[in-house]
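Below, subunit A partners subunit B and then partners subunit C, in two separate complexes.
Up next, the complex of A and B:
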């Protein structure tokens, strides 16, 4: 995506309460035309409720949803120019692949010959074999059903496509393939995609921007790179995969102190705040040292275990009770053996201080 | 006999012998006896006379087939009326009570605890001249109600009333099995409420409708009390004819022939319907 295009969808103080519980709490967001926007959050964070409001299956308790600057809060789902791919896919089991894809066109009374032509085009675009047209949809495999569901939504020709965790039930390898295919489809169609998932990995692969949700609130929005390298809170940093988090307190300018480790660390001076903070160091920024002088911050620990991650190797190092994860590329030399005493360290610019929340 | 011994070599088959004997004696034998009797000369009581088709000829020459038509006609009408009445009720139950709706439907079967005859006589008191309904109408509004009791309509009313739970239960189950996301997906793809119903809900709840219809049809064809109690014997259903033949008339072969005819017609109808609707396919199973 080019720098923030014209907004297609805007959320203003959107809130949805079920009884006293606010499933979605005061969400403000602007999604650009043609953007691939992903909302990530653990289960119960309100992301499904949010996307259901965007698609028109729930009404916000308060706040406004604007599509092309027009308020659509009360527009029912069937009158919105948007379409959703459900987690369950919700394919019609009593219809063939072709009939499923053509559903939206049939509803609009499109001529059957035109419908079939469009369905066959979409099947080709989504790598579905042509003879599947008259196949019962229940006889298709998981991956094929995903493609049928996507084709059915694309046949509707929506301005925005919503995805409610459609890949969560698919096995790892196929999911990886489908993630890339989905991103390709996004490029080919140029449509706005709004995707929700609990997997940050999935979000990283596909999205232009990511919004992280927690307890009904949108706590950080940014590009995958921003979310990864400059998380604002402990929650976001931990959500982004393996990470070393050290609770610390201010210890003068450019320095923080960890009570549990009994050590002080150098940090960029302007990042220290008075309130509770956590020092976040990603495993790939931690390295093994021969002497403490090789890095500005260092710790002594015991090499407890190692995990091969393909191109990288991850090590578990224990410093007292605290577990640290250290990663290095497979080809980098390292002579440490399990139970050896090792020295690990990092430089201030490779660690970030985040709010402890 | 080697075939027999190898058949019995499997312990599972040996263990099944008692139930097989029970079924053969208790189920197959009486059925065969009925079929056998239907080919015996009229008013005989043995199975070893020379077979004849006389009973079947009599059914059609004697107008007895009219009662078969009454039974089939009333049963069909009952099914149609029940489908029309129960679908909205089942639909409402499912939409309001969700997954509890099937359990709630079971409450509709509570009247079955009371004998059918007693419930039907209750309706006689309700509809009889000066009874609950006509009496109230007359006393309060001075309206004179026409005769309803002892008409074919009253019989139909009784049948619809008695067999309602048998249609409602499978239908509720059928509608409850339509996943809500199916409705939402259809609606999201632009369908109006009516289109969602026609394109998704109705076809997906067909199995419930089919099972309910078959169940009520088979039961309604065998109905007898409604015609006797509410119909005042104005209509003679085939079941009544069968009963008369076996009891007052002491003409077992004729009764047997009527029973066989009824079984044949019903099985052909049921099998045709079951064949046309592949339930597995509708339900989306492999």
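Up next, the complex of A and C:
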């Protein structure tokens, strides 16, 4: 999704302070109807506090939260048409799978037969075996519990579904499956999903847009592609995964200089600004060269180690004190051996200049 | 490790366990044996067995009144202690508030007071306040000691309670009351149950607090003591056996009820 739909949820200068510490600091954001929006940040960045305010479990110290243009700051959680999947899942341990899913409907005094029908529909949609209906929820596996928690939230029929890192305790393989399932559910239901995670990788897989949080502030919002290819700061680029960051300073038009490497690099002419900067080159954009003429920027180093990453192989190349990571596809030929002297290089359009923050 | 080593170790564990159980249960078993004498006096070993004292004791109106008083005190203490203990346990383990650390320390102190001193202190208070001593003042006295115990027993359960369960219920549209009824109360039910068992049994068997605070009303433990000191009959071990058996039945019944409760939860709707 590129063009943003009508906004369903808007945050205006939202701030939450605990004592003198601002857990969430002046956040402005607009989330579109039907969007899958992910807020990503390290622990302590304020993302959990932010989603708890959106769900109605915390009140903002200042600022406004608008749902369909109506201020909901003071609306308690049980009166908001939104629902949350908790990090601990918070399944009711004294209830069966069916009773858990039907909870919201029971609260609304829906007829038991109608409740059961709806619960069974959701169980089928989420690939839960039909005979789990009367199984105690504590006897379910981790993945099944995830599905029950999602079904319980969907049974509420919320306008927005919030997720507070529900997949963080799940092992890698199952997490990958559930991430895709969640995105499929998002398509099937067409609901607005707001997801919190500390894993940008997880965010990339599922989201229409991503907001990166750091120290209570939303420092960049954009599509996964924008966040990946044009990070605005060193923090965002490093959060994305392995990157090569070279501190540089301006060195005339279209050029920057690294003191530590004692070398100058070509960059796109319009990207140079005066303030302290970093040159970011992703490992997959660095390549091994036979001669310096094959790329506009090059460095000579020692091949120190290699790491197999499945379909790709990552190499550690040392240029003086500085460590560079170079990645290539497994099927691409390469004859370099450990401790060989190698030449690595990249072209200006494959590097990004970002603020050093 | 060889097989013979393994079996020797098992035999030793068995012997040790049996010895500990003997040490704990043999005295109570002796009471049962002492109750089955045909003789008028407290002698051991028993020369002639008989059940006369059993029928006399069971048919005694005085004993029935004693049991009724003990039961009334224990029942009222249980109800009040469970209510106090439940909210006390929430304050102890669930909510973060100023003064909580201090409360946690002070609420447990009465458990370690010598009970006879506590009974005496309460007697002085009841006199000063002009209360007529009866089984009702005994209820108050028992509560001073039992409410903290029940609070502690329940707090253990509350500590394992995930607060996000309540948040999830609220988030799914439940009001405060619905959240309490549908989630908080049933999830904490096992703790409430064991707390009430503790309350009942500690009150049923309590002697030192009752001694000072029941006034003209008499409880089973108090009667047993008085009879032992002056006017022994084999009715004393009979009553002792009945009192112990009643406690055991309550405990065992509670255990079975608990099993049924958890099984029902895990079974179909």
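Quick note on the criterion: the second predicted complex is superposed on the first by the 356 of 357 C-alpha atoms of A that agree within 3 Å, B and C clash if a C-alpha of one lies under 4 Å from a C-alpha of the other, contacts with A are read in each partner's own complex, and residues count from 1 in each chain.
As a working rule, a residue touches a chain if its C-beta (ideal position, glycine included) is under 8 Å from a C-beta of that chain, and two chains touch if they have at least 3 such contacts.
Owing to the predicted nature of the structure, the values given are computational and were not obtained by experimental measurement.
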Judging by the criteria at the top, classify the pair subunit B and subunit C on subunit A as clash or fit.
clash
If you stack the two complexes on chain A, which partner ends up touching A:103: first (subunit B), second (subunit C), both, or neither?
both
A:152 contacts which: subunit B (first), subunit C (second), both, neither?
both
Under the stated touch criterion, which partner chain does A:84 make contact with: subunit B (first), subunit C (second), both, or neither?
both
I'd like to know which partner A:136 touches here: subunit B for first, subunit C for second, both or neither.
both
Can you pull the subunit A residues that subunit B and subunit C both touch?
55-57, 76-78, 82-84, 86, 88, 90, 92-94, 103-104, 106-108, 136, 139, 152-153, 156
Give every residue of subunit A touching subunit B within the complex, in rising order.
55-57, 76-78, 82-84, 86, 88, 90, 92-94, 103-104, 106-108, 136, 138-139, 152-153, 156
Listed in rising order, subunit C residues that touch subunit A in their complex are 162, 164-165, 167-175, 178, 182-183, 186-187, 189, 265-269
Residues of subunit A touching subunit C in the complex
55-57, 76-78, 82-84, 86-88, 90, 92-96, 98-99, 103-104, 106-108, 134, 136, 139, 152-153, 156
Of all residues in subunit B, which touch subunit A in the complex?
179, 181-182, 184-192, 195, 199-200, 203-204, 281-286
